[in-house]
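Quick one: this structure, given as structure tokens, is what I'll be asking you about.
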Amino acid sequence: QDAVTLQLKWVTQAQFAGYYAAQEQGFYDEENLDVTILPGGPDVAPTQVIAGGGADVIVEWMPAALAAREAGVPLVNIAQPFDASGMQLTCWADTGIESPEDFPNHTLGVWFSGNEYPFLSWMSQLGVATDGKDEDGVEVLKQGFNVDPLIQRQADCISTMTYNEYGQVLDAGVTPEELVNFKYEDQGVATLEDGLYVLEENLQDPAFVDRMARFVRASMRGWEWAKENPEEAAQIVLDNDETGAQTIEHQTRMMGEIAKLITDADPALDPAAYERTVATLMAGGSAPVISATPEGAWTAAVTDAAKAQ
Amino acid sequence: MRRAVLPVLWVVMALLALWYVAAIPMNIREVVTEAERGGAEVWGGTAAERQDRSAWALALRNPSVALNGWAQERPRLPAPHQVAQELYASTIGEEVFGRRGFFQTGELSNRSLVYHAGVTLGATVVGFLIGAAAGVLLAIGIVHNRAMDMSVMPWAVISQTIPIVALAPMIIVVMNSVGVQGLLPKAVISAYLSFFPVVVGMVKGLRAPDRMQLDQMHTWSATQAETLWKLRLPASVPYLFASLKIAIAAALVGTIVGELPVQRGGLGARMLAGSYYGQTTQIWAALLMAAVLAAFLVWLMGWLERRTLRAMGVPA
Amino acid sequence: MMLVILAILVWIGAWALNGWLTRGGRHRSPVVRTAVPLIFGATVLLVWELLVRGLEVPPAILPAPSRIGATFAGNLPILWGDFVQTILKGALSGLAIGVAAALVVAVLVDRYDVLRRGLLPVGSFMAALPIVGVAPIMVMWFGFGWQSKAAVVVLMVFFPMLVNTVAGLQDTTQMQRDLMRTYGAGYWPTLFKLRLPAAMPFVFNGLKVAFTLAMIGAIVAEFFGSPTQGIGFRISTSNGALQLDMVWAAILVGALAGSAVYGIISLIERGVTFWHPSQRT
Amino acid sequence: MAAASLSQTSAPVIAARDLNLVFQTADGPVQALKDVSLSVAKGDFVSFIGPSGCGKTTLLRCVAALETPTSGTLTVNGLTPDEARRARAYGYVFQAAGLYPWRTIAGNIRLPLEIMGFPRAEQDARVDRVLKLVDLAGFGRKYPWQLSGGMQQRASIARALAFDADILLMDEPFGALDEIVRDRLNEEVLNLWARTGKTTLFVTHSIPEAVYLSTKIVVMSPRPGRITDVIDSPLPRERPLDIRESPEFLAIAHRVREGLRAGHVEL
Amino acid sequence: MAAASLSQTSAPVIAARDLNLVFQTADGPVQALKDVSLSVAKGDFVSFIGPSGCGKTTLLRCVAALETPTSGTLTVNGLTPDEARRARAYGYVFQAAGLYPWRTIAGNIRLPLEIMGFPRAEQDARVDRVLKLVDLAGFGRKYPWQLSGGMQQRASIARALAFDADILLMDEPFGALDEIVRDRLNEEVLNLWARTGKTTLFVTHSIPEAVYLSTKIVVMSPRPGRITDVIDSPLPRERPLDIRESPEFLAIAHRVREGLRAGHVEL
């Protein structure tokens, strides 16, 4: 069997159900692959892990991947299972925020560690400063790992994923009517999330490309299976969670929301979505995320091979 | 015995009482909001307006719901009995009745704090042993070599002002990425934190023999090794144990910090997971478990110290 | 490979030099006393630089010191902001509150035996507790600003400080106490004229421990939520963005600040406990 | 008070009758003092001598109200020791100088004066006076560790003298010093005593020292601590150091030594 | 060696000529020994007496090769001190007993034997022998803190005797003990010396002790440390404690005291 190490972007949760499902259902075995799945965490940068040789392939968001590319880690997108972005800004309705124009003079929670790029890009397109609360600026907080800042009203808006944090807000007893959501997807600043990235030099090796093709193929089967069997998929995730902190209810719901982001079984990257992501990141105002249009940051070679069987 | 235990009991009870009292204002905002959502008439205006009111005012003016602060699902400050329940549920409860508990599967459940405490304990002990050994060796070098004393000692002090725990994620990830995984990266951090107190204590201890004792060795033409083995090391034992007690507590902190970024079990991972899902009670339970572990480790050092000293013939 | 061999040679050469400098009576001269540790530090940096270059370590894993230095010099305003946020606001304010509280409680504990026998065991239990675990809770309670960092610091420094101070207040000899009694001195004169001065060496020992803890607490708490500056914020975000040179520059800020504050505490200690044998050389 | 003391023939400053003191220790009770009776007249210089552990220190501590006898009566100036302590009747000098290292010599001498609330100017005057008395004028601003052991011990005596206590209690004040320095200080103590006329209780291990200094020598024996001999010295008040080679001196010393040897436990 | 010592008239074990020793300190040089010349014959018991800081310890340390004189010559058994040290010529007894608390009395005495590589059986035999010699048979398995100060000091002497050093060096071995215990130990040291005939150098602050023990008394004066008087004792080798009240004894004591007082610095 060929060994593949996959580094996830975040902790073990239904966001990665497809990979765990492929593992447990034996899809990887059928492709003659021995896959090791490394969970991530709040301070694990998958880009760093792959740069140091700790993984063959990583799940990463495109902004972080392109930024890493500029920083000297030549990452290439080989597949894009997630078609839509799940990121949004969730605000209390009673703060008077009804549209992005109302953001100034409010406090916004944002994820950092490479996830702040879409937000900064969006704000610069809106012409909103991010260095303090005033008439045309917002106060930005480095949001921690949970939704407490919103519940405790320390922030007027926080970043949430449709499949995870938003559900946690509702779990805390808040009703959807009390909230206003701004999906990045709707604001035209969506960036591609959860793609599979490898190091450019490895793609020279046909054996590696073949191994990745089999990996992508099996993974997509995993995703298909997970979408069809959300409860079982959630249970598989739970069994793989080494912290033992997840609950089945939460993972089942997450699986449902994740399914909405994987609109088709095609792992190929949509060039239009790619262009839009790059455009968003280049529009980062005074400090764009990436300064030059990336070249060769994605390839269809692997997905083509995967589809070819 | 009674003289020793009773005051501790009083203090613990006072702390518990304080804790219960504090839980009311700490949780009152959520309690009131919840009541409001349930359709109750509450004092204090809208949720946003209530933000500006004092917690005690809210508690006193909404007396019918104030005590709900002791039974919140996601409290800011869980009441002591909630923590106790969680502690029970995630130890005995989980292992005995849980789907993956010890009684079902013959293995410790990864949902139980017993399992996580074990993971943390392993890395702590390994890290502590590495750190203590390195510390003792470095101290021996420093005592015997002036160049080492003068060049290393100032940097050892400075090294402790480096926020190593802030480096922990990077160390973990970097080690991870060169293929070192699991227990060792965490142990490296706990070793780093535990080596310094050992160096300081051991340098002091190895230098504890006075001029007279060293001269005595000299008149007998003892070699450096003999002096080390028969004089310096035995003389340093009390200092060694004093610093080992500090070192093992530091090692535990190091492990827990090392467990935060990589969600692979351990009390640190557990605390973070609790934080990630807003499960304050779970954090508190993990914290308490860590405290018990710390107390146990420090006690263990004390016990070893007493055993060693007794074996050496020093009066209790 | 050449560079790696060079690194090894530099290391051996520096040790030989330091060995030579510290032999004979030379080690007593103040010049040698400062030169030796500096040579050691410079050697470590040089060897690091050579190894990183020689082994071609990717900058995303470990940047060379020269690069870190350049980043540090190029981002002084940002790093200054981080320093103010984390050290001045978070660590030092928390240290001040925690130490003050510990001193007051220590006097009470020293006065009332019940407290000593009750609070001290609980205190030493708490002192061994990995307080970093409360960082997320403090961020939840006190918000994202420096206040939550200060709260973590207060909790971290309180018990070590308390235990040290209580030990210090009791570090008087029977003779010194008896002397006070033969003067018919009451509680307060004894406290101010005997116990507090006698406790000072312990207080400063505690302060040195507490200070390192304060740094750790303030920085780690920023991992759980912060405004968009601070040493911990810089380290975690730059690390996520693979700007390791920035990570190390932020660490350098921490180490510089740490060494400076340590030095200041030592100086004050020298002034206050000039009479203690350890200070009298 | 005055009437009462006049009405008595001996007017004892310190009167102890049948003192007993038992320490309760982990190993059981230790009888430190057994049936000790003693009376000290005003202006007496009383030396206590006896093997280690015989209760010399304990007896002094009882007088200074630092220990409470288990039974028996003890009065100081007709008061209980504790009342006398609160009336600041004692100047206590310990074996080690026991100066506070964080205070200068003058600061150390001033300490009891501060506590007793003397006005500032008076403090200064007294510090100057006693510094001169013990021959340390000019050393007031030094710190204790900057002085030799003998000078420290003199400073500690100065401290005990500064507030004009009625009774000077000295517990082996020169035990840690070498013989030559000790000789010198013995002479000075004698001078001081002649000049101030203070009632003095003095503990020592040295037979010549006890004989040289005292008007009354109390020999004690250990376990349980008893008084075995009380010798009233026939030596004149004026005593040059050479007196120690005189036959009277040697006779007393011999009597003390015999008393000691009799009471001494087997090693 | 034997031939050499027979061929000389005095055959000195220790011969010092014009020794000088200057310590370089932060406050400038301190002359600890100045022009010290001395010769000690085999079997002598030499006491060194002098005020604190006069260089007694320094002189002993030079003999034991723990310090190196700045100038002058010093030979021990015809060898340099360092060669003599390596030949294990010295048994050094310090002021405090300096026993290791983690070793039993026997273990403490065995320590130098272990270091010198004596075979195990021989070690045991020697430990037994010296324990008996200092009257501590049966106490071998006790720990130091279980013994009185006097017994500890005897154990420390036993340790110095165990490996049959040629020369016994004692630096104020009884300084910390009370006078009665001290008397007893003085008698025992004298006995021991009579039995073993070891050349002994003995530092003390006590005039009676020096006179009582020695065949030769060296009086020193401080700053810079010089020898001011060397007194060959006319006392017989056999010395009961009472000898201390004899006129010869007092005469020597007087001479020592005068010598001391002359050299003593102003306090």
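Note that the chains are named A, B, C, D and E in the order they appear, and that numbering of residues resets to 1 at the start of each chain.
In this section, a contact is a pair of C-beta atoms (placed from the backbone, for glycine too) under 8 Å apart; a residue touches a chain by one contact, two chains touch by 3 or more.
Computed from a predicted model, the values in this text were never measured in an experiment.
Participant: Smallest number of touch links from subunit C to reach subunit E?
Facilitator: Shortest path length, in steps: 2.
Participant: Which chains does subunit A share as contact partners with subunit B?
Facilitator: C
Participant: Averaging the CA atoms per chain, pick out the one whose centre lands closest to the mean of every protein CA shown.
Facilitator: Located nearest the centre of all protein C-alpha atoms is chain C.
Participant: What pair of chains is linked by the most C-beta contacts?
Facilitator: Among the chain pairs, B-C has the highest number of C-beta contacts.
Participant: Could you put a whole-Å number on the gap between the CA centroids of subunit B and subunit D?
Facilitator: From the centre of subunit B to the centre of subunit D is 54 Å.
Participant: Please work out the Cα centroid separation of subunit A and subunit D, and write it as a whole number of Å.
Facilitator: Comparing mean C-alpha positions, subunit D is 86 Å from subunit A.
Participant: Averaged over CA atoms, how far is the centre of subunit B from the centre of subunit C? Could you give it in whole Å?
Facilitator: 18
Participant: Among the residues of subunit C, which are close enough to touch at least two other chains?
Facilitator: Touching at least two other chains: 61, 136, 140, 223-224, 236, 239.
Participant: I need the residues of subunit A touching at least two other chains; which ones are they?
Facilitator: Touching at least two other chains: 42-43, 45, 48, 51-52, 144-145, 148, 152.
Participant: Quick one: which residues in subunit B touch 2 or more of the other chains?
Facilitator: Residues 76, 169, 173-174, 177, 260, 272, 274-275 of subunit B each touch two or more of the other chains.
Participant: Touching pairs of chains, all of them, please.
Facilitator: Those chain pairs which touch are A-B, A-C, B-C, B-E, C-D, D-E.
Participant: Please output the residues of subunit D touching subunit E within their complex, sorted ascending.
Facilitator: Its residues touching subunit E are 51-52, 135, 148-151, 178-181, 184, 205-207, 245, 250, 254, 260-261, 264, 267.
Participant: For a test of understanding, state which residues of subunit E touch subunit B in their complex under the given definition.
Facilitator: Residues 61, 64-66, 85-86, 88, 90-92, 94-96, 98, 100-104, 111-112, 114-116, 143, 145, 163 of subunit E touch subunit B in their complex.
Participant: Hey, which residues of subunit C end up touching subunit A in the complex?
Facilitator: Residues 58-61, 136, 139-140, 143-144, 222-228, 233, 236-237, 239-243 of subunit C touch subunit A in their complex.
Participant: In the complex of these two chains, what residues of subunit C are touching subunit B?
Facilitator: It is residues 15, 18-19, 21-23, 27, 32-33, 36-37, 39-41, 44, 61-62, 114-115, 117-119, 121-122, 124-134, 136-137, 140-141, 212, 215-216, 219-220, 223-224, 231-232, 235-236, 239, 244, 247, 251, 254-255, 257-259, 261-262 of subunit C that touch subunit B.
Participant: Contact residues on subunit B for subunit C in the complex?
Facilitator: 3-4, 7-12, 15, 26, 76-77, 146-147, 149-155, 157-158, 160-167, 169-170, 173-174, 177, 249, 252-253, 256-257, 260, 267-268, 271-272, 274-275, 280, 283-284, 286-287, 290-291, 294-295, 297-298
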